[in-house]
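Two complexes are shown next, each including chain A; its partner changes from chain B in the first to chain C in the second.
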Partner chain A sequence: MDILEEITEILTEILDIENHIITPETYLIRELEAESIDLLELAVAINSRFNIDVNDDEIFLRKLRDYITEAELQNKDILQYLAENLSFLSRKRLEEIIEDRKGGPTLKVKDLISYIGNRSRLSVYGSRFFIELCKPKAF
Partner chain B sequence: MHRRVVITSIGVISSLGFTLEKIFNNLKDENTSFEGSFFDSELFVSPINSFDVKNFAGHFKDRRYLNRGAQFCVASAMEAVKKAGLDKQLLAKAGLFLGAGPNLDIGGEFPDVKAGEIDRKNLMALWMLKFLPNTAASVIAKLTGIHGENQTLTTACSASLQAIGEAFRKIRDGYIDLAFAGGGDSRLSKSSILAYKKAHALCNGTGKPEKAIRPFDRSRYGFVPGEGGAFFLLEDLQHAKKRGAVIYGEICGYGASIDGYSMTAPEPCGIWAESAVNSALREAGLASSDIDVVSSHGTGTLLNDTMEADLIDRVYGEKPPFIIALKSWIGHIAAACGAVELAICFTCLKYNYLPKIRNLDEPCHAGLNFVREEQSYPIRNILLENFGFGGQNSALIVRKYNRLR
Partner chain C sequence: MNIINRIEINSEMEDFVLLDKILETANRTIIGEKRYFNEPFYLGIESLAQLGAYHIRFLAGFEIHAFLLKINQCTIPANHILNGSYLLKGTLVSQSKSAFCYALQAGKGNKVQIEGEFLYATIDYDRMLNKKILQTHYRKVFSCLQRESKTDC
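And then the complex of A and B:
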């Protein structure tokens, strides 16, 4: 089972949404209407299934707005500042997020996948998922 | 002048059926669900095996936080709300009063607990919600849009009858115009059964499961746990008339008390249980001779039934009412027994029918009018009794609706 399949299974269970098609592009909050307690449960489930320590603030991009404000106040390049603080996301994804942020919470399934991949790579226990992650992906 | 309070919707999930009609048919045909429990065939239960909360409430994510008892609560409340036909504004005004029990399924919730260590990686972040008593109320409100006054009562086996009694008084005294009241419970898990077995409260043996619970019989030896839920819409009579609601019956009196005697056993003389019964009669403005039927608590335990039979004898004296014991049909639904028994009482009112007390071969008490054979009877007033662990006592009077009263 690859990371997307695992995440789909977890989200289906937590949000009680059978037959909802979940893709890497699915928005968690905007589309699936995940609330804060759902994200709490999601963190526990990811922690347990992927055997990684999940930092809720990081994986759910909770500080995104703060980072952007900080960059603006300090006259720093927003993209560069985000890349430093959310290092598990690609530059391309960060550009997308900056573009998209006016439309509401930007968190997408693919962000969880990037986070899990990144943490698994850092973790000895996560090597199984690292191998999965190295398979070519469309995103 | 007190307002009159009527019942205008009933949602019930019982082992005898999910509608009054189905319940009536199953009473007639003596279709009960008694069986040996899944882990010990000598411990008996009365389950609702076909139950799935999704069939009543659809898909909703908070389902993960509902223990089985709370699922019965939510499902039966959804039924009552669906059948009530209230618009959004009325639902928002409605109160919500429910009786809930503790989640005793410790083994099921923490299958791998060792040395007090309950944490495990896949333990839900908010696992505690499955143990908090007001989770069901919170879910019902979220699903239905009920926003009025709310109470969750946890007074053991007296809880749901008290919830209905409290809602009745709030409406009668004019605090609110309408409220949903009831409860749901299930204590059939291995841990729950272990708890009641250790307390020596359960029937166990090698006999037939359907013969085990025998309220008021000389050879009674304990109760059989059941499960289910029921909710009612209670409404000020004028309010109900104005919107053209169907009226199932009227609630006219309620009483409650606490023994202050034992953690489990009833106070043997039934002094405080009797005071609950007398307050219900007083509130209803009825004499004991006006009661046609007592729906007894009738658990089939030695202590309860002796106390209760003596109590009925004292209160009604020369003109004994019919006594029914619905736990001989559905088992003991703990915190929800009052609500589900009330739903069956409405079945009796609707069909003018008195079900027999099952397995009552040799009454423990002479001179009382136990219903030994089913019969038709034009019931006017029923008094329900529920007595719980910890000495919780309650009584509620329902009567056939008479618009001329």
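And then the complex of A and C:
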């Protein structure tokens, strides 16, 4: 089962939306009408299913508007500022978000996939690093 | 009037603590005890909710406020009544930065009477949830529940 299939299974259960076709482009809040309580349930389900640390603020882009405001106040490039703070998202996706933000909450299923992929890679690298540290040294 | 007084008035139970003892706490588990006297099952559910919330506060060093959001798949006793001493067990199943999911159960003897999955959220203390009052209160209750003697509680 790939990440999209697993997320679809979790969302179907939490939001009780059996007949809704979920794609990477599906908006969680605009289309699926996920509420804050659903997102918290989703966060713990992702932690359990993928065995990764989940920061709710990051995965659900909760600070997106704060970051944009901060960038504007500090006369910084918005895209660059978002890339620094939401490093699991590609520049292409961040450009989309900047364009799309006036239409409402921009969170899409593909953002969850990016977060999970990014965190899973970090976990794998972390484990490998740990294994390297633990290898017996030849004297 | 502070929030603790309001809790007493609303529930008509002093401080609304539905736990007698906390017997064990570890990183992912907590075990407590409560004796009931022919009381409705929902007080047992509230005891379990309190046990999970105390475990979250314990993990966070009492620096955040924890509250119950949702209960999934909860079983209740057939006669809907709790009587006698119950062992309450909680296991942290999964978590995010601000949400925690526990498997909680209340059992008497070898029989589990109430069992469910409890979802909690956490938030920082603020103007409405006064840190000084609540942190002190929860620390004190937690400490008292861990002690054999309740003379100072």
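The definition used in the following text is that the second predicted complex is superposed on the first by the 124 of 139 C-alpha atoms of A that agree within 3 Å, B and C clash if a C-alpha of one lies under 4 Å from a C-alpha of the other, contacts with A are read in each partner's own complex, and residues count from 1 in each chain.
Simple rule for what comes next: a residue touches a chain if its C-beta (ideal position, glycine included) is under 8 Å from a C-beta of that chain, and two chains touch if they have at least 3 such contacts.
A quick note: this is a predicted structure, and the numbers were derived from the prediction, not measured.
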Problem - Fit-or-clash call for chain B and chain C when the two complexes are aligned on chain A - result: clash
Practice task
Name the contact category of A:Asp16: first (chain B only), second (chain C only), both, or neither.
Solution key: first
Exercise for the section: Answer with first, second, both or neither: which of chain B and chain C does A:Asp77 touch in the superposed model? Expected result: neither
Problem - chain B versus chain C as contact partner of A:Ile37, first or second or both or neither - result: both
Exercise for the section: Quick one: classify A:Ala45 as touching chain B (first), chain C (second), both or neither. Expected result: both
Handout entry: Partner chain in contact with A:Val54 - chain B first, chain C second, else both or neither
Key = second
Handout entry: Clash-bearing segment of chain C relative to chain B, given 5-13, 59-67, 113-121 or 131-139
Key = 113-121
Handout entry: Shared contact residues on chain A - chain B and chain C
Key = 37, 40-41, 43-45, 47-48
Completion exercise
Residue set of chain B touching chain A in the complex reads 59-61, 63-64, 121-126
Fill in the blank from the handout: chain A contacts chain B in the complex at 13-18, 37-38, 40-41, 43-45, 47-49, 51
Fill in the blank from the handout: Within their complex, chain C touches chain A through residues 69-70, 93-101, 119, 121
Exercise for the section: Provide the residue numbers of chain A that touch chain C in the complex, in ascending order. Expected result: 37, 40-41, 43-48, 53-57, 59
